[in-house]
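Read through the structures below before going on.
Two complexes, one shared chain (chain A), two partners (chain B, chain C).
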Partner chain A sequence: MNRTLYGNLIFELSKKGRKGYSLPQNYDRTHSTSELPEALRRGEAARLPECDELTVVRHYTNLSHNNFGVNDGFYPLGSCTMKYNPVINEEIAAMKAFAGLHPLQPAETCQGALEVYYNLQQSLAELAGLSEFTLNPCAGAHGELTGLMVIRAYHESRSDESRTKVLIPDSAHGTNPASAAICGLEVVEVKSLPDGTVDVEHLSQLLDEAGSQVAAMMMTNPNTLGIFEPRVLEITEMVHKAGGLMYYDGANLNALLGECRPGDMGFDVMHINLHKTFATPHGGGGPGSGPVGVRKGLEPFLPTPRVVFNEKDKLFCVNTAATPLATTAHDDSADASALGSVGSFLGNFGVMLKAYAYILTLGRENVKNVGPLATLNANYIKERLRDDYLLPIEGLCKHEVVFDGLADKSTDVTTMDVAKRLLDYGYHAPTIYFPLLFHESLMIEPTENESKETIDAFIDVMHTIANEAKSDPELVKTAPHNTPIGRVDDVLAAKHPVTTYWKSLEG
Partner chain B sequence: MANFESGLRYSESHEYVRVEGEYGYIGISDYAQHALGNIVYVDMPEVDDEVTAGDEFGAVESVKAASDLIAPVSGTVVEVNEALEDEPELLNKDAFGNWIIKVQLSDPSELDNLMDVEAYRKHCEQ
Partner chain C sequence: MFKYFPHTEEDLGAMLKTIGVNSVHDLFADVPEAARFRRDYDLPQALSETDLRLFFEQLTDPIETQQLTCFAGAGCYDHYAPSIVQNIIQRSEFLTSYTPYQAEISQGTLHYIFEYQSMIAELTGMDISNASMYDGATATAEAAMMAWSNAKKATRVLVSDTVDPKVRRVVETYAHFHGFPIQLVPAENGITSRAALDKELSEGGVAGVILQQPNYYGIVEDFTGIADAVHAQKGILVINANPSDLAILKTPGEWGADVAVGEGQSLGIPMTFGGPGVGFMACTEKLIRKMPGRIVGQTLDSRGQRAFVLTLQAREQHIRRQKATSNICSNQSLMALYVTIYLAVMGKEGLREAAEMSYAGAHSLCDKLLGTGRFKLTYPGQPFFNEFCVDYDGDLDALLAFATECGYLAGVKVGEHTLMLAVTEQRTPEEIDGLTDILTRQQ
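What follows is the complex of A and B.
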């Protein structure tokens, strides 16, 4: 909060009996709290703050000024692809013709919207090198779960129910094992080599031991260290040979966008985070969107509803029935293998509009620059910071670079301290203490959006902090100093969180 | 920097065992608590639970990360350090003084698979 009157808690600004509203007298006495069971009735009035309207407005305006987003400054949060969200996307999504639609209105009355939806399904399939996409999942992890359910349904359709294991590299995002567990599958960890890539020999050993029980392997490529998996083709071939499917976690797709495609690497199922790779809002509730794509042959296992184009009537329609299993031998199990719905209606349509606007704004000729420019920016930062920050993995990184804290370990200044000090200089901190492979991970992802001037200014500040760590370590260890709140006590917050206001509102 | 205590047996995943007769006191090393940072929660098994060498028997959660506890030896849990329920930070204050569980060893020969302090120190320096 700000150190001003209006930066106080709204409860602290409360004055008994003060109001910013007046309500008409209630003549409708047909409903009364006495109709509620005793156990559900409040014994005393709720202790709500009482303020005049101007105080309320100033308090919340103050709060909003304490927010920090991509529109406020550089936001190099590794693994999150915090892209700029172009204004044109917001304008299009806000158009009355889209925003006023009802999900249950007849398809003939919203052909334009359905065409956009259909085109986005097709565009994502082309960009990913896969056959079909569902846009229903509402977030990345929701996409992971949906993708794993697709994989499970595929194995079950072949009566191969012994495949209950999912191979996941130890460097994976925590959502991968969580999604597998929620899907009722067993997680088996695949080790990493010292350079952070998958230990293919260990994978081979796991497949030799229990290949017939492997439902799938989940992989992020480039991996969570921002390194492209050089043996990805070999890995997908090995898993396929054992009868398992390959799942691609789209978290780091930005590095590859327009350069290469998961489908071409042998992946069978994947999700895309529209709120990362396709420039829709990320964080602050988004909302997100995690479309799931599959290779040819797996389409019948995708959830419904989907938007399809009826060639005969030349109409886009919402298809709630499963796609017939025309491509497989089990025609009779068409309905049984469909997952049904995984969310409400067609998913977060507003987000899809923004993603489609982004794709069309870039166009085919520019989309191929996204991955290379994101990669160039990350490598530029890597090379310019490597004297001051410990670079644990040599060679080219992709869209993000991981340092293992400061190069000079004699100062006792940690990655946490560096991150806190960055706040003083007006930057959002990078991702810290992830990936877990290093003790002092500091993961920077600049995205392709940033100008050289912005990146240079950030690099200068990182140099300054490295120098401060030597000349005045205490300054860094007690940072931040210029923010409304100083160093937060993480331990106290984790062990004794106080989330309600209990002080008396009297007075 | 981290302390290393001699006379204990260490695992690659940074647990130690202090052997006293047929019992083993299992905890995490000073190096481990240092790497984890401020510990805010310790998830422990219950008395009479069986633990198996190489399998997880609980977890420690710090402000940085949650980490599984891997049993260095097999046995039956005869006591858990209940003080850690309210004061998990004891592990940060004195990792070797605050063991997590006490087990009755079912196969003392497993101790031979663990490292002595010198080998463990080298393991940490890698």
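What follows is the complex of A and C.
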């Protein structure tokens, strides 16, 4: 990464009359858009840049030098599973035969693509210990929403309309309650114990009070503190007994690969973040892919389109089954079990190709080591940093570890300061101020790809920063110093939103 | 040893010793025995890189995955993208980074998102754009929820029957679970029925109206007066637009829309079997705090430099939890980068030229098909852009199967006798003649 700011915007490099493209000129010009009535045409041409090709190439190359990715260095961002994104997977996803495939091409002409799709569904089901998966959802939060829709569709099909509540631990990711609200469900928080795990007595009380109104309970396990919920079997049993379903937020699935499956813990519905556990690149925030799996019996509630294997013809096919969605829960004229659709086509196929290539590369002999090695790295960091950083909860962690800021609270150096100082040393910061259970949360997730040397070097820097916090707190509090820009004025950005170049010209 | 795991036996020993356990499996001692997975996964054995490549090459041989000359659209288009788009996308600084939470080391991502937002706002004629959404269908569903939450007293959201049925189905699915009714406004000769729309509006209680331009059938509808009628009822107007056509067509902003949404795949993103694409959403300044998704804003850093940062996060799930405007946390950042580079290199003239060529190609194909006497326009007299519907009296399935045999994806069947064809600047005059020939050769 370059330490000075490049800073230009493409609009500032534009010069009237320049061109960066070439298109064929030998086309039939009998018709042109001037035939369209004027009322249907835009008044003025869009103010897009006018640049030659090299200017555009240099501009985005220079911008990339102000960015930090996994390939640049250690990226211990908790809860985000910043694995290595294998290069070969990019090559496969870019293959012309896949990249040029129209989604409505007849199934018999794209069996290869459908086979990948189908096999990925099957592989995820095996890894999760569930019956079937849909690959339609485009991201983790999209998967959560889809999974909750499945749960509601299930209750609707049984005329169990009073189930409108979702139990969510107070330690959950913010997407859990947000997805529940978007799905029309009411959020009921389940308290955590001081050790960060679910307060089973509180859960029991909530189920006693309103068990018949509970649609589901959402859980992340290991939870957002990186701790395995020791009473998970009891919890799933209690919720099932009350008639609710168990939803597994797959954000932290990486820890369990090889050791434990959500289906075996009693979960009924879950999503997997292919961009976390299955090594597809995060791309600066997307595209992801959030497949949703269900236990046996819930398959009819998955969204369409679905890819199925037709045993009779030995063909993979796309089942769109565009049954009209029941507008009321018991409209007999419609198939009440049809959930509907959550996207136009089959989902982010390009991402699926990368995930499937990753699974094939690891194979059965290596997949099982993912969870143990990720967990080894996290526990090693936990043991080696607990002298200088406050470890709020004792015991084993899984794939990530949460500290509550610096151990020495006599300095006023915050978690934010530590995070910013890490940038100076060439590391991405851990996740900060989440989970909300602690004031100074610092959440570190190393992943299985990091070597002992990388982790030792990181630990040394964390110790250096802890020392700096005592010897020269100002240095840490004003960090970063070696990055293209210093700390930004968030208040200015929010108070007077300037979100386009055009607005910035207004001054 | 395995290429993605760097741990040697020596490393393992030292690390386990520091932790104070004997084996990595002891790190799972807190997992109840009944939940432990004690066998091997039923998955294939590991493939070397050579074998992996071979595996996918076999799946993409012409028998398994046939490359057809594409005249299909219906929401996914075979447009040209300059070579530099795919090349820059692969830069690992962009590809392997996360959401730009740490602005100091993410100015690359934040800059291009700011450029993307500026370009989308300009193309759609709206004030602001978010940093992107999953796809056009979910962006439309999010707009429907925005309309619903914005309304004080409303009973429904209206969706035109000329909106892509796949998009409608997603909107209906979201609305059903979120808890508000969707009402369909019928179509007449391929366009939204104004009489039916006016009647619905006059009855009141409309939170929003969703239209598509060009509509599902490729027709450019005249929306004159609709925005005023919707606003008079305190509803908001949502227009789902195809952004590549906005080089030429009247913008959602010019039509008076409050929210513009759509699928951005036509701006430089390969079809890849339908995903990933990118949804866009732009709106008026008034609605900025109701908008879902990430937004990048301009600010200053501690050294006085212009800098960019994620802003207005008080709308979002990680702050607001169940009170957030949406559950969305990611965007489609890398896909927004495709769009940004595409628009930067095609620029003002290139986007217009590609749109002109697509228009000219579609009308040329249409003339030729009608000239054979075997096809007639499904919606005669309606202006269309680069996609249109024709009726065919014969066996349409057999005709399409024959075209496939000849290497052509002749379009999308949208009715028993109706074929919808799309033409982009990628289709050569020879291919247009070739398709015409094939579609008339079949008896």
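Heads up, the rule we're going with is that the second predicted complex is superposed on the first by the 414 of 507 C-alpha atoms of A that agree within 3 Å, B and C clash if a C-alpha of one lies under 4 Å from a C-alpha of the other, contacts with A are read in each partner's own complex, and residues count from 1 in each chain.
The definition used in the following text is that a residue touches a chain if its C-beta (ideal position, glycine included) is under 8 Å from a C-beta of that chain, and two chains touch if they have at least 3 such contacts.
No experiment lies behind these values; they were computed from the predicted model shown.
Once chain A of one complex is fitted onto chain A of the other, the partner contacts of A:His463 are absent, as it touches neither chain B nor chain C.
Touch criterion met: A:Glu259 reaches chain C, while chain B stays clear of it.
In the superposition on chain A, the chain among chain B and chain C reaching more residues of chain A is C. In the superposition on chain A, A:Arg386 makes contact with neither chain B nor chain C. With both structures placed on the common chain, the touch criterion links A:Ala494 to chain B and to chain C.
Once both structures are placed on chain A, chain A residues 434, 490, 494 are touched by chain B and, in the other complex, by chain C. Chain A makes touch with chain B in their complex at residues 416, 433-434, 436, 439, 490-491, 494-495. Against chain A, the residues of chain B that register as touching in their complex are 35, 37-38, 40-41, 63-65, 88-89.
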